[in-house]
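Would you mind keeping the following structure in view while I ask a few things?
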Amino acid sequence: MFDLVMAKYNFWIYIVLMMIGFYAMIAKNNLIKKIVGINIFQTAIILFYISISFKRGATLPILTESDMHGHTTIEIAQYLNPLPHVLMLTAIVVMVATLGVALAIAILIYRKYHTLEEDEILKEAK
Amino acid sequence: MTIAFDIVLQVFILICAIAAITVRDLLSSVMILGAYSFFMCLMWAQMGAVDVAFTEASVSAGIGTILFIAALMKTTRRSRD
Amino acid sequence: MKILGLIVTMVTGALLMYGTADMPDWGDPNSPANSRISPRYIEKTEIETATPNIVTSILADYRGYDTLGETTVIFTAGVSCILLLRRRRKG
Amino acid sequence: MMLTDQAPALIVVIPLMCALLTPIIGLVKKELCHIWVLFALALSTAFAVSVLLAVISHGPVHYYMGGWMPPWGIEYVIDHLNALMLVLVTGTALVVAFYSPKSIERELPDKLTYFYTVFLLQVTGFLGIVITGDVFNLYVFLEVASLAGYALIAAGEEGAPLASFRYLILGTIGACFYLIGAGYLYIVTGSLNMADLAAALPELYHSKVILVAFAFFMVGIALKMALFPLHMWLPDAYTKAPSVASALIAPLMTKIAVYIMLRIMFTVFRPSFSFEILPVSTIMVVTGIAAILVGAVMALAQIDFKRMLCYIIVAEVGYMVGGIGLANETAIKGAILHVLNDVVMTLGLFAVAGIITYVKKSHNLSDFQGAFKKMPFTMAAFTVIGLSVIGVPPTCGFFSKWYLIQGSVIAGNWYFVAALLFSSLINIVLFFRILEIGYYDQGDHGNQEKGAGRKFTEAPVSMLVPALFIAVLIILIGFYNQPIILGIIQHSVPTL
Amino acid sequence: MEVTLLIQATDDAFQVMEKAKMQAVGILDTATRLTSETRTIQERKLKAIFKGAHESQSGFLNFVATFAILIIFWAVLSGKFDAFHMTLGILCSLVIAWLSHDLLFANVRIGDIRVIVQRFLIYIPWHLYQIFLSNFHVAYLALSPRMPIQPEIIRFKTKLESDISWVAFANSITLTPGTVTVDIEGNEFVVHALSKKVADDLNAGEMEDRIAHIFMEADHIYIQDVLDVSRIFSALK
Amino acid sequence: MNGFAEMIIKTEDIIVKTIARILIPFIQLFSLYVIMHGHYSPGGGFQGGVIMGASLVLLFLTHGYEESKERMSEKAAILFSSTGVLIYSGIGLLCLLLLGNYLDYGRLSLILNVDLAHARSLGILGVEIGVGFAVMAVMFSIFLDISTGGIEPGEEKKNEKASTR
């Protein structure tokens, strides 16, 4: 049981984080809070991917001098899995792009209704 | 040692995440989100994803927070929840 | 709304937790994710791209098309902000 | 020779590079933007058609980005389904681009350059989604398309930003769910390439991770395609968007989500897994029926023409999802044919809505008053499209419905048959109501403005030609549905 | 004989002295003239600084100095000295120097930079010593049971002139424990001090004098004159 | 309601202004270093571009709209961002014209006179530079639009009158 918890508790924490963001996205009333929720949610997903790439006893995915020039075979277990890192670089950029567009739309909404609370906006829009 | 560090970091991250969505003042919320991003990037650096941590530090904790604050100054920092 | 949101969140979280049961352990060097495709990148990056930072070589070369898409995303965001907010230029 | 080899890359890259050049051209001369967009899309369409022909004659085309072999690099796989979607996307975009200038000049006069830039980026995103054979690459282009979509919708009339914001929240949730699904697949297989995943997955089919991944893929895509319980964002967003944007996004976004669903269900996973291990089939049929009923009933309650069309889209999504869920060859064939038909029909309907908006500056049903007299060509096109949505035989809408009904009879699912027939009935009411308004009702102020009432206020030619073209196309697809099914759709149905 | 010799010698001596006197007067005249010239130049410079019209002077020198500093910074960062990377470094430094050479030296007088650096290096140990001292003071304040803290806000007009010296002064104040620069309003510093002693130390003005000395303000005209005159005399010798 | 930028400009804080003025060139050089050394150490086009964009944002916040406009106007931001992505896709297209697949940097060895691996390395460098350009300009442009609300500071009243009319 203890082993199971030790092996998996990291994943559970990521899921809790994701769900905090998810809850903010769907249940919060304030538009900026929703955007904060997006950020938390996506960051937690990125954390999940990064933890996929983790290997015990491995170092950064940057080749050392000896591996570069010596013609010895490269020890794969020595380096972290670089692929999720690459994917997550992309995801971070997507995150900031979404943030920019979302804030622009929020400003547009505020310009029109002078409030950021969703229910007030809906009341006013009717 | 590293496990202790991990747990402390994770607790910080959880606290920051919960605080960011419960604080009423939006400016504080955004600031806490910046702190959350920064702890997150520490955690990634600790897992060896230096590239991603670097990007997060510059993008999310840097430009992202600035964009948030700029938008808040253009709108309002009050919130009901 | 809040109660509904909480319920949806709980269900989603429970589903995700259920999925973790069959996952490889955290930090396992022999998990499929770490042993199926990524070894080739680590082995060949020096020979094929002369770039010791494996992340860079994958980012810009092996999966360079993803990065093109990513740059397009950023560009889209910039143009979108201009489209939505800018009221400066007339005509 | 070389150019046809490189065509798959060029289909996506040409709209992308042209989108990058559009702001520069806009700085020089604004009026050139429209021609530039037309040029880009025409070129892209030509390449798409050439790829479709190549696929029909030689079978699936593979293209390796950067020359790297598939599991390591990114691969384009173009089979029959892909190629059909490519032609649909580029063709729709071309028609909309041809149709756009007058409408944009009236609705967004000072934002022309950036509107066209985002327009092209949107098309790029759609093409990138459709053409790729890599799970993560699909996510990236999904985000390109989504972001461009949010921006285009938010640029619309009053209330559009709020609609767009809600779309953004739900769309981001959808994309994030997709990303979680991809992550769950990656952690147990270590691969991102669709073909590679398909090879690696069967031995893991009893893993819980795979089940969760599948569920998240499905929910994420359902959010993007506005499947019934998750359709709340769609009506507002598409109603309030600028008419050109809704004419581009409304036909394509939901259908592309259906395409992604087909890819995930039949390419990444085996059909046997998708249908047998989980009660997916039942869920899909039930939600499909619910979507059809809700869409039809809600459409009946609307007084806004565009909003009514949006609920029709919700119902049409129900057709396709239900058709896929029936899990037999005929029904899936019908669903895919319906994707094709629905793109054309929705495009036509939103084109008509755009014309009405252009002429009357609003889009309520009452704006059709006396339309037959004032704009006979528009109404002729509208009648043909309406008949097709109802499902009257010579038009294309009939054939896809026919296949769907046949499929559900084979599956023994009479509820779905009933839902289809009910929806057709409602559509008859919907469209004949509009035709009645247009034909008989001369309007309240006919007395006051007798001179003006008689005047012939047809839409400009650049908007009219696409509408008529679509009407003709609907009949053509109706006549040639057999070759299309035998030549293209037949090959994209998985063996069950 | 001896008398005539003596008279002659005296005459010679007088003549020599006359010549020497003439020469000395000439030299002094020249020196005064040169000095007044340099003084007018200096005053003009000063006026230019006060007016804020500083871009027109020595744009090229700024560029070169910025480039030199940046290339050193690059070398420290990069640590790769093969041709390819050095070319990249030179290109990058050129681009940045071209972009923002007017930022780094917005209103610092270029000719004095060596002296400033030299004096700044001398200033650092003194400042560290001050920090050390006031650390003890603050520790005493905090640890003594009565907590003899008398926080107060003090305001004083500064005699410093350029913004860089203001910034150096403000940061020196803030770095020293017990005092924090709250704001600069016009040329008035608003400083929060923790106790009477710290405030008195600040009001005594030693730190301000030293900062002024570093950036050659308040005393720079005099120093410049002395330097010029000594250069002229050595040239004449 | 004042914008972020206007609020900062109004305070005219001499300390912030001077420190920012001295730091900006170094930040910019560091960003270029990050772009150029993406091959050997963490970093690359995105990070460098974001840092460069952040330095421009810093300039805007401390020195105001006019000063930053001299260095990067809105038109220039648009041009730079599309140029950046064009560099990327242009390199891809160049590979295509050299009879390779799209983005196949190995083909660059035909014109660059180096071996295959180094051609790929140079291709990566070019791509990173393009990404850096695009990200820098876009970040600055987004910030400009959000912080000014799309209106030139000072023109706000004029425009609002026009819109309420």
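As written, the chain order gives the labels A, B, C, D, E and F, with residue 1 at the start of each chain.
Just so it is clear, contacts are C-beta pairs under 8 Å (C-beta built on N, C-alpha and C of every residue); 3 or more make two chains touch, one makes a residue touch a chain.
Computed from a predicted structure; not experimentally measured.
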Query: Among all the other chains, which ones are in touch with both chain C and chain D?
result: A, F
- prompt: Relative to chain E, which chain has the most distant C-alpha mean position?
  reply: D
Message: On a C-alpha centroid basis, what's the spacing between chain D and chain F, in Å?
response: 35
Task: Please report how many Å separate the Cα centroid of chain A from that of chain C, as a whole number.
output: 9
Field: Distance from the mean Cα position of chain B to that of chain A, given in whole angstrom
entry: 11
Query: What is the distance, in whole Å, between the centres of chain B and chain C, each centre taken as the mean of its C-alpha atoms?
result: 19
Chain F, residues touching no fewer than two other chains: 40-42, 44, 46, 78, 82, 85, 89, 92, 102-103, 105, 135, 142, 145-146, 149
Statement: Residues of chain E that touch at least two other chains are none
Numbers and ranges of chain B residues touching at least 2 other chains: 50-51, 55, 59, 63, 67, 70-71, 74, 76
Query: Where on chain D is chain C touching in the complex?
result: 16, 20, 23, 65-66, 68, 71-74, 109-111, 114-115, 117-118, 121, 124-125, 128, 136-137, 140-141, 143-144, 147-148, 150-151, 154-155, 161, 180, 184, 186-192, 196, 200, 207-209, 211-213, 215-216
- request: Spell out the residues on chain A that touch chain F in their complex, using ranges where they run on.
  value: 60, 62, 89, 93, 100, 103-104, 107, 111
- line: So, in the complex, the side of chain F touching chain D is made of residues 75, 78-79, 82, 85-86, 89-90, 92-93, 96, 99-106
Query: Which residues of chain A touch chain C in their complex?
result: 7-8, 10-12, 15-16, 18-19, 22-23, 26-27, 29, 51-58, 61-64, 67-68, 73-74, 76-77, 79, 81-87, 89-90, 93-94, 96-98, 100-101, 104-105, 107-108
- request: Using the touch rule from the top, collect the residues of chain A that touch chain D in their complex.
  value: 18, 22, 25-26, 31, 34, 38, 41-42, 45, 48-49, 52, 83-84, 87, 90-91, 94, 97-98, 101-102, 104-106, 108-109, 112, 121-122, 125
